[in-house]
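Given below, in the form of structure tokens, are the structures.
One chain, chain A, links the two complexes that follow: it is found with chain B in the first and with chain C in the second.
After this line comes the complex of A and B, so read on.
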């Protein structure tokens, strides 16, 4: 398979970036998208050029490290997958593929296709936890009966891997889907209710302070999310936020 | 007022002001439809009621403030949201993940605003400042102008598109349990959007041809 690639190259955080054209040959249809980039990098290194920097870690769709805006979509033209799970069989011989980093002021480019997503970590640190003494005498969480429906919804929210595709795809660069998943996974469970009001207010304040946009309910985040995090979580966040004002 | 500084509270304020305007639209449509049926007498009585009823007189400035708030907040939110992505994508395939209506609320809203200004100038200002003896003739007379009627229909089609997203979006912002009532609210939103767009347009087209 021969491909034409248009890739964002940027030497550093303050350097001026630009799209660079590459031609690549010998791409197999069963390669993952990242393996295709590995192949390109080997060729670049062989020629003495600077390889393209991109984020990756587990390559199993669970760590949340890989990103990439491929042909105008976060994680490329497939659903419920991360970029590492995208295979080249989704493309055709001779295709032109545009590859860009996540674009949001809250996600500044570090180099080439790598962006700094630590803003999401800081939102998490603002309240995405429960205060439990883990001295060894803590009660087993499974001792508390929880309705199956609530447990399932909390688990679904907790499957968010924090990749930032929701921010990347949102026209407002809003992090609401991420924040709502982190709020809902606790709000739905009895252990999370204790600090629920403070959590939602602190996490929303942190989200705003990091410079993300506001949610206008376009629903693009839900479509592009590799874990299928539902917009239901955003409704839960909104409800939790309103309830918190009464406390 | 510090609560209004958070992004979520601004969404809630947009939702509440939007739903308030939705109630006004229904009332306005009900009065407009009396132009066709039962006809002139009922319409004149409705105009008389709107002009003299004390509750309506109290609600009028509140409605005006509701409009101003929804418009200014909408423009402000669009402006700030646009500033959150300084470097745009070279290729952005937005249409695969979200509806045109949801991405263009600002443009459908601004067009309706332009129409609203024209509407106030053509009808509401003469109604308030001059001694209009025949409201029925004033309203139906305006629809004899093809440009005005075309603009009127276009404004309500765009308002319908605005409402098709805005109605269900407002409930989402207010935190209604989505898993239980999302399909119902989306359905209600589409029906409401069609009723408003077709209802207002039908009156204009009817009087253009009759």
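After this line comes the complex of A and C, so read on.
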């Protein structure tokens, strides 16, 4: 396969970036999207050019490190996958593909396609935990039965990989889906109820302080989320937030 | 057999406490020195790596009152490769009432490791396993539950009980997010200073004690000095020495190897785990291999055709697996190992797959794949569901539909992952799998305290060598990482730190820090200025091929000697011809990789040397010269019941100015003493 690539290049956080055109040949349909970029980089290094910097690590869709905006979509055209799981069989010979970093005020570009997502960590630090010491001497794991339905819903919320696709997709660059997934996971479990009110308030305050936009319920985040995190979590967050205000 | 000359050093002592096996840890904890809360505030600890071991250690130590600095090369601690562990975590809770106990978990683990692990460590691991589950549940880890609201279990390879706790196929992710949340809580309290996108590139040793690290800020390229009263490495394993593995692209052995260069012994490097169920390689450009969880072997049956002509037809794409009748299928694990069947340990399952494929029965175009088939399970579950729903005489179509739903509930995300990668629907046609490198049982040598031979350097999780012997059982890596980080290290490190309560802050303007910084800068500048002919990946792929062909699933003396020679030559070529684009003082992933591969090029040779030295077969280390008539591993307890801990054969910073032969490494033996179990021939028949 031959492809025309238009890729965002930016030397550093304060440098001016621009789209650069590349032609690539010899792409195979079994390659993953990132293996296609590996191939391009190998060629660039061979020519003495600087390779394209992009974030990636596990390459099996779970670490949340990869983060490309491909043809205007977070993680590219396929659904329920990350960029590393996108395969070139989704493209055709001669296609033009644009590749950009996540775009959001709260995610400044570090280099080329790499952005700084530490804002998401700081939101978690504001309350994305249950305050239990690590002594292992709390109670037996089976002391509190949890209805399977609640446990399954908490699990579904907990599968968020923190990649930031929801933010990149949202026209307001809102982090509501990300925050709601953590709030909902803990709100659904008896262990998390104790601090539920404080948690939702602290996490929402941290989210606002980081400069993420507001949620206007367009639902685009849910469509692009590689883990299928449901909008229901945002409803749970809103409910928890209102409940917390009344306390 | 082998004609190599190995230099032998002084034997090592593991400092195992006296007493009955089940009492050792309790006695130990009662006798160690404690550090008062007021003094903990004056002690600094560096933790490198934020996977299950590193994150749980950093969180626990900070919570106890120590000042912790934690380092991760990713952009967030949550992305460490523990996140990718799929199937589960073992604990001897005996919730299923199937006769489980601490002793049984210990026994299965030491037997599974083919009696090359340390009894006392392994028992302690089993002993604290239950607390991990209690801890995780309190942290909000959403384990799978049954309809009564209690925790569910499943079974993993090499055992006859159901002791594995799981969260669908994302158990590692959920446990890591639990540890990450505990870590976040301490970061918020200011007790952990988190350094993301930072990499340890040297260990600083002062008067024989680990006293700090040199780190590189990966964004700015700045070289930083960090001092501490103790350094903890939880930096993972070295599977990426094989280039293709199930590890993440960034997983590397650099922190451990740089510590090794500074005097820490590296133990049993030849013990690597080749996981039986990975998606087979498909193209030359493949960058990594993807694991399919061992849990799939609960319901999947592994087979190849009985007839060679069927295999040929499959390889040529002229036949579909569903067209091969039941009687022409060879369920070779069930045939060879009737007692454990598809759930034999990983090393056994991997070798059996290789044996069938080498005999020509592989089922894909490369001839390196076997089937993992769920049709029997789909039918069984479908019938069960129909019965539960009171449907009489259900049609075959309905049974399949109902059965597929059950399979989806259990393994949905794994099936989806498989389909995305291969473009095949595993509900309708069997999965194709083949063994791939997955885990390192070897690692830095540690004693019972998890302390290396360098005082003040502690090593936890996959980065150390101690608990899994020559083969790790499934769902035990998560257990060990969290056991070390939450429940073992926080005790043992105090006994060491008790000596330093009056020490005060350790200055970084000392000659030792100075030298380390200067030398790592020299090496970085060497890479940038070398302007050679080939990229780092070029060398990494070549190394991987040597490792896989000659030090992989099956090894022999001739091949290992060739491997040693070829790696030496490749390493010389690397230092001459490697090309690293870009600059030192910027974000430069190629420069990071150059450091990893420089270390793998040494580690690979040591691995081959260790494999050559060990004239026996045990666990994942299979030497073709040492096998039974039935092709099973033949151990030699008389001569090799020891852990082989290797001392680096040169001065720390000589390698890019002078050729260093890893084959001159000095061997320190730690005799393995079996007081409580008697090593026998492992049998899973």
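Basically, the second predicted complex is superposed on the first by the 244 of 247 C-alpha atoms of A that agree within 3 Å, B and C clash if a C-alpha of one lies under 4 Å from a C-alpha of the other, contacts with A are read in each partner's own complex, and residues count from 1 in each chain.
Just so we're on the same page, contacts are C-beta pairs under 8 Å (C-beta built on N, C-alpha and C of every residue); 3 or more make two chains touch, one makes a residue touch a chain.
Since the model is a prediction, treat every value here as computed from it, not as a measurement.
Partners chain B and chain C, brought together by superposition on chain A, fit side by side with no clash. Within the superposed three-chain model, A:85 lies in touch with chain C and out of touch with chain B [touch as defined at top]. With chain A as vertex, the superposed Cα centres of chain B and chain C define an angle of 160 degrees, given in steps of 10. In the superposition on chain A, A:130 makes contact with chain C only, while chain B stays out of contact range.
In the overlay built on the shared chain, the residue A:158 is in contact with chain C alone; chain B does not reach it.
In the superposition on chain A, contact is made by A:61 with chain C only, not with chain B. By the document's definition of touching, of the two partners only chain B reaches A:72; chain C does not.
Once chain A of one complex is fitted onto chain A of the other, the partner contacts of A:148 are limited to chain C, with no touch recorded for chain B. In the superposition on chain A, A:116 makes contact with chain C only, not with chain B.
Comparing chain B with chain C, the partner in contact with more residues of chain A is C.
Superposition on the common chain A brings chain B within a closest Cα-Cα distance of 19 Å of chain C.
When the two complexes are laid over each other on chain A, chain A has no residue in contact with both chain B and chain C. Interface residues of chain A, counted against chain C in their complex, comprise 12, 28, 30-32, 34-35, 38-39, 42, 44-46, 48-51, 53, 55-65, 78, 80-81, 85, 87, 89, 110-111, 114, 116-118, 120-121, 124-126, 128-142, 144-148, 151-152, 154-155, 158-159, 161-162, 185-186, 189, 191-192. By the touch rule above, chain C contacts chain A in their complex via residues 56, 59-60, 63, 74-79, 81, 83-84, 93, 95, 128, 131-151, 167-168, 170, 173-174, 177, 180-182, 184-185, 187-188, 194, 196, 219, 246, 248-250, 282-283, 285-288, 290-291, 416-417, 420-421, 423, 486-487, 490, 535, 537, 579, 581-582, 586-587, 589-590.
Residue ranges on chain A touching chain B, taken from their complex, read 6, 8, 19, 69, 71-73, 77, 98, 100, 103-106, 153, 169, 171-174, 204-205, 207-208, 211-220, 223-224, 230-232, 234-242, 245.
Taken in their complex, chain B has these residues touching chain A: 3, 5-12, 77, 80-94, 96-99, 102-103, 105, 165, 168-169, 172-179, 182.
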